[in-house]
Amino acid sequence: MIEQPKIVKICDIKDETPNAKTFFFEYMGHYDPGQFVMVWIPLNDEKPFTLSYINRNIAGITVLKRGNFTKTLHTKKIGDQIGIRGPYGRGYSLIKGNAATCIVGGGIGMASIACLADKQENATIVQGSRTMPELLFRHRYKEMRLCTDDGSFGYKGTTVDLLRELVGKHDYQKIYACGPEKMLYKVYELCNEHHIECEVSIERYIKCGFGICGQCDCSGQRICIDGPVFNSKDLKDMPDFGKTEITKSGKRISL
Amino acid sequence: MTDVKLSVNLCNIRLSNPTILASGILGTTRALLKRVAECGAGAVTIKSISKEAREGHNNPTVITYEAGMINAVGYSNPGVESARIEFTNLKEIGAPVFASIIGTCNDEFVKVAEGLSESGFSAIEIPLSCPHTPGFGLLSGQGTPKATYDITSAVRRITHLPIFVKISPSIPEITTVAKAAEDAGASGITAVNSMGPGMIINIESKKPVLGFKVGGVTGDALRPIAVRCVYDVYKAVKIPIIGVGGISTGRHAIEMLMAGAVAVGIGTGVYTRGIDVFSKVCAEMKQWMIENGYNNINDLVGIAHD
Amino acid sequence: MTDVKLSVNLCNIRLSNPTILASGILGTTRALLKRVAECGAGAVTIKSISKEAREGHNNPTVITYEAGMINAVGYSNPGVESARIEFTNLKEIGAPVFASIIGTCNDEFVKVAEGLSESGFSAIEIPLSCPHTPGFGLLSGQGTPKATYDITSAVRRITHLPIFVKISPSIPEITTVAKAAEDAGASGITAVNSMGPGMIINIESKKPVLGFKVGGVTGDALRPIAVRCVYDVYKAVKIPIIGVGGISTGRHAIEMLMAGAVAVGIGTGVYTRGIDVFSKVCAEMKQWMIENGYNNINDLVGIAHD
Amino acid sequence: MIEQPKIVKICDIKDETPNAKTFFFEYMGHYDPGQFVMVWIPLNDEKPFTLSYINRNIAGITVLKRGNFTKTLHTKKIGDQIGIRGPYGRGYSLIKGNAATCIVGGGIGMASIACLADKQENATIVQGSRTMPELLFRHRYKEMRLCTDDGSFGYKGTTVDLLRELVGKHDYQKIYACGPEKMLYKVYELCNEHHIECEVSIERYIKCGFGICGQCDCSGQRICIDGPVFNSKDLKDMPDFGKTEITKSGKRISL
């Protein structure tokens, strides 16, 4: 395998929220929900994004504007080129049959679970954001349980608050989650309480993406290749989860 | 099964086998060092530490190509103060841990070495040979015999730990540099660092792929160069050599030992064979030794020399 | 089909396409040069010629490994008198033919250049960069800026042909050497020769495989180093560059042109893709140019620079 | 492919003539009669030899003692190691069915056609040498027509003399030959005269063996990869055949 960006043309762009856009491009090859690709803007930088759409040979990434890189990406127009390498990492493991599951997306974390939600049958989909305009993919699924911190739409409260209610009512065999790590940690604790298996996708600063540089460590697990998705059993041995992360320089900081 | 001895004595440090995690690969946190030791490494080296924190170059920082890997990480590291907090209780890692220290002047090397002196490292490696980080290594003239002598002497004065000086494959006077290190009190030579630098251009975007444009070449591409360097350095110095460059199989490791290395560093092999490359290489070495009638790995060292 | 122009003007020599047979590969006889021209090379270079005949090193002289090739042929050649007899009627070869001359002192370079002056060569290449032949190239200090200047000047004085000075990838001061060649009147720079040297040890016999033990590394292993050298030399000199090192596909050739080469040499590619590598590379370049909207190969030269 | 010697143990040695020995070793992989291998003696040299025997996983090379390398090889004992790489080159093309063919070996050239003679049905096998003790493989084939220059055994005269007689009597569809180039050239001329296709194996000084160094040139054909076996049609465009060869240094000399 050669780990180098392949240049693709942006063939469509969709505004998802005031601060998030989806960029579509031609994509060949395999993809498991939860895996990620490295997106390269020549002479600028290269950063990790989940595929939020995958359909025949067209994939999409949904990008929240944050710092230098995502701001530059947001200036790209249809026809512009970006580099893609990957997919990398270990995605979510789907459950076959019709056991009930719950899929929880917090903020832009929704992008990571979007393709999983496309595939996993019989799943309750929960999305939470701070406020209504930030909600993603509103018309994508047959049904989605929405919540906002400020109550501007749907359930008022966090995804964890809503999830706690749902867990009481349904017999979930597994709960999937992606979002801020504080949220993930609470989901993990909630699952432990109720003896439900959970799978969460963790973010860490990514450089190589293929397990060599050690940048993305979380308790000896490389997010980029051992993760980004980890299950309850993995998380039990990952004391850094929910506690500390490593910055670009390698400094350990509290989350 | 025949009893085959893989353990090695490297400057009075006992390694259960001759494979060592090379610096800059996975050695960012204590937890990863421990994991690599559990994957069978005979020793592990931390990612190089400078006095102050460094973010390194922009991404892409590591890419691969047909013949190996090319990287310009740019010595990202949290600085010596944070490193001191990160790397504690090294006894529990399960294998000897080597520090790797860098600086832009003699004084910085000394400061970092002092900063890490109470941490329980088994040795200190000094790379004077990075080909792609301004201020350090080849890009600041640290690869010359004189600079090598000066930096090594300065660190030698303030520590009793074994010092390994890590040299570049991309300088003609490699044996002179190795001798300068030996004369200055180095306990061993690590040969070699990444080569080049090299450049890979993405032709569709017409731009170099690496964030820093150029980077050090490692892996298969480097192996014959590294073997020759070890072969030459073996003739030039009396101190032991850690052979590094393109090792990902037991055969490669044996080739490096025959050229004169006492132990071997593995970097790119973590990618090509997986994180358990260390135990794989050891198993392959053992197998070869049994088939070829050797029972002590140390008997292989330097036997390619006449 | 779109019209794509591959032809190149290299120091007023017209090449029908930018691929050139590198020196030392197949260029031993007139008949082989002709065959390579028929296989689509834009120009062909003869194997380097010294004043007296040389048998070169013992076999194995050329071997391959995972990432490329390693050779220590040792400049076997029949000497200038025999070469003059071998290389006649060069007009009929079907592509420009470049001489390659070597010597152990300025005077020998001059003698060989003079000896071949009536043969109809289109240019003279001077390799000052072989890493594995005592008396020549790196092993006799010809790769320094001063020696490069002296040898180039000496040859410049006695010929009006374009002179290409071929430089080593394995010296840190590559741009200084290129500039010395330019200052001395070189018409172009050939970058690069084989790298290293490297060594491959056969572990069953415990012996280096090459007859000369060490040899120059070429092919995929060399490509990123060669691209970087071309990129650097392009910034340092105004004369054109022939980019050599690891080129075996159209994409590789385009990468080299983007780094700053006007034409590309192909050696190891003759092994990896076959003797018709030249026409294959040209077809692939054309295809890529059509797909990417280029119609003149010269528009690619140096465009990876900001 | 990696072109490097593989070390094998000599498992048997057979004295074939006072100056020729066959060395047997384990050999895996494909082999076409007429191809050759490079034989390496570490720290000495590495030279080309045809496989003269191939049987299951054991191959043999029959080596005539000549200069430094073959003398050293002749000192090797059972259990000693040599390196082998290859096989290289293009061998003889066999004819299917029962058309008559003739296979001619001159001197040690017999080694090159020995495996061909094992395989090609309905072939007249002709061997010539200067004198009787130099004849090879005397008991290997059902029938073999032997000749010696000095008349010490069989037909007195050269293989070409004998071949001329045979051609008058048989309707050969193809004639294969290996031996001194002067002989090969005469066989080629004889075949042209009688409009019989011929295939001959040519020797040139070999270095790389895989077509890169140009050492083994014969009129633009690389013996090592385009040959060593050439047919009448090839030979027509090879003016050097029978005339000149290239020494180790690259000097062209008359044959």
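Labels for the chains are A, B, C and D, by order of writing; each one numbers its residues from 1.
Just so we're on the same page, contacts are C-beta pairs under 8 Å (C-beta built on N, C-alpha and C of every residue); 3 or more make two chains touch, one makes a residue touch a chain.
Quantities reported herein were computed from a predicted structural model and do not represent experimental measurements.
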Practice task
Find the geometric centre of each of chain A and chain C from their Cα atoms only, then give the gap between the two centres in Å, rounded to an integer.
Solution key: 51
Completion exercise
dist(centroid_CA(chain C), centroid_CA(chain D)) in Å evaluates to 36
Fill in the blank from the handout: Whole-Å distance, C-alpha centre of chain B to that of chain C, is 34
Completion exercise
Multi-chain touching residues of chain B, meaning two or more other chains, are 65-66, 200, 204, 207
Fill in the blank from the handout: Residues in chain A with touches to at least two other chains are numbered none
Exercise for the section: Counting only chain pairs that touch, give me the topology of the graph as line, ring, star, complete or other. Expected result: line
Handout entry: Which pairs of chains touch, using the document's own definition
Key = A-B, B-C, C-D
Practice task
Using the touch rule from the top, collect the residues of chain C that touch chain D in their complex.
Solution key: 24-29, 31-32, 34-35, 47, 53-56, 58-66, 69, 71, 73, 76-79, 82, 85-86, 200, 202, 204-205, 207, 209, 211, 267-268, 270-271, 275
Handout entry: For the chain B and chain C complex, residues of the former touching the latter
Key = 65-68, 70, 138, 170-172, 195-201, 203-204, 206-208, 214, 217, 219-225, 227-228, 231, 246, 251, 254-255, 258-259, 288, 292, 303-304
Problem - In the complex with chain C, residue positions of chain D that touch it - result: 1-5, 7, 38, 40, 42-47, 81, 83, 207-208, 210-215, 217, 219-220, 222, 240, 246-252
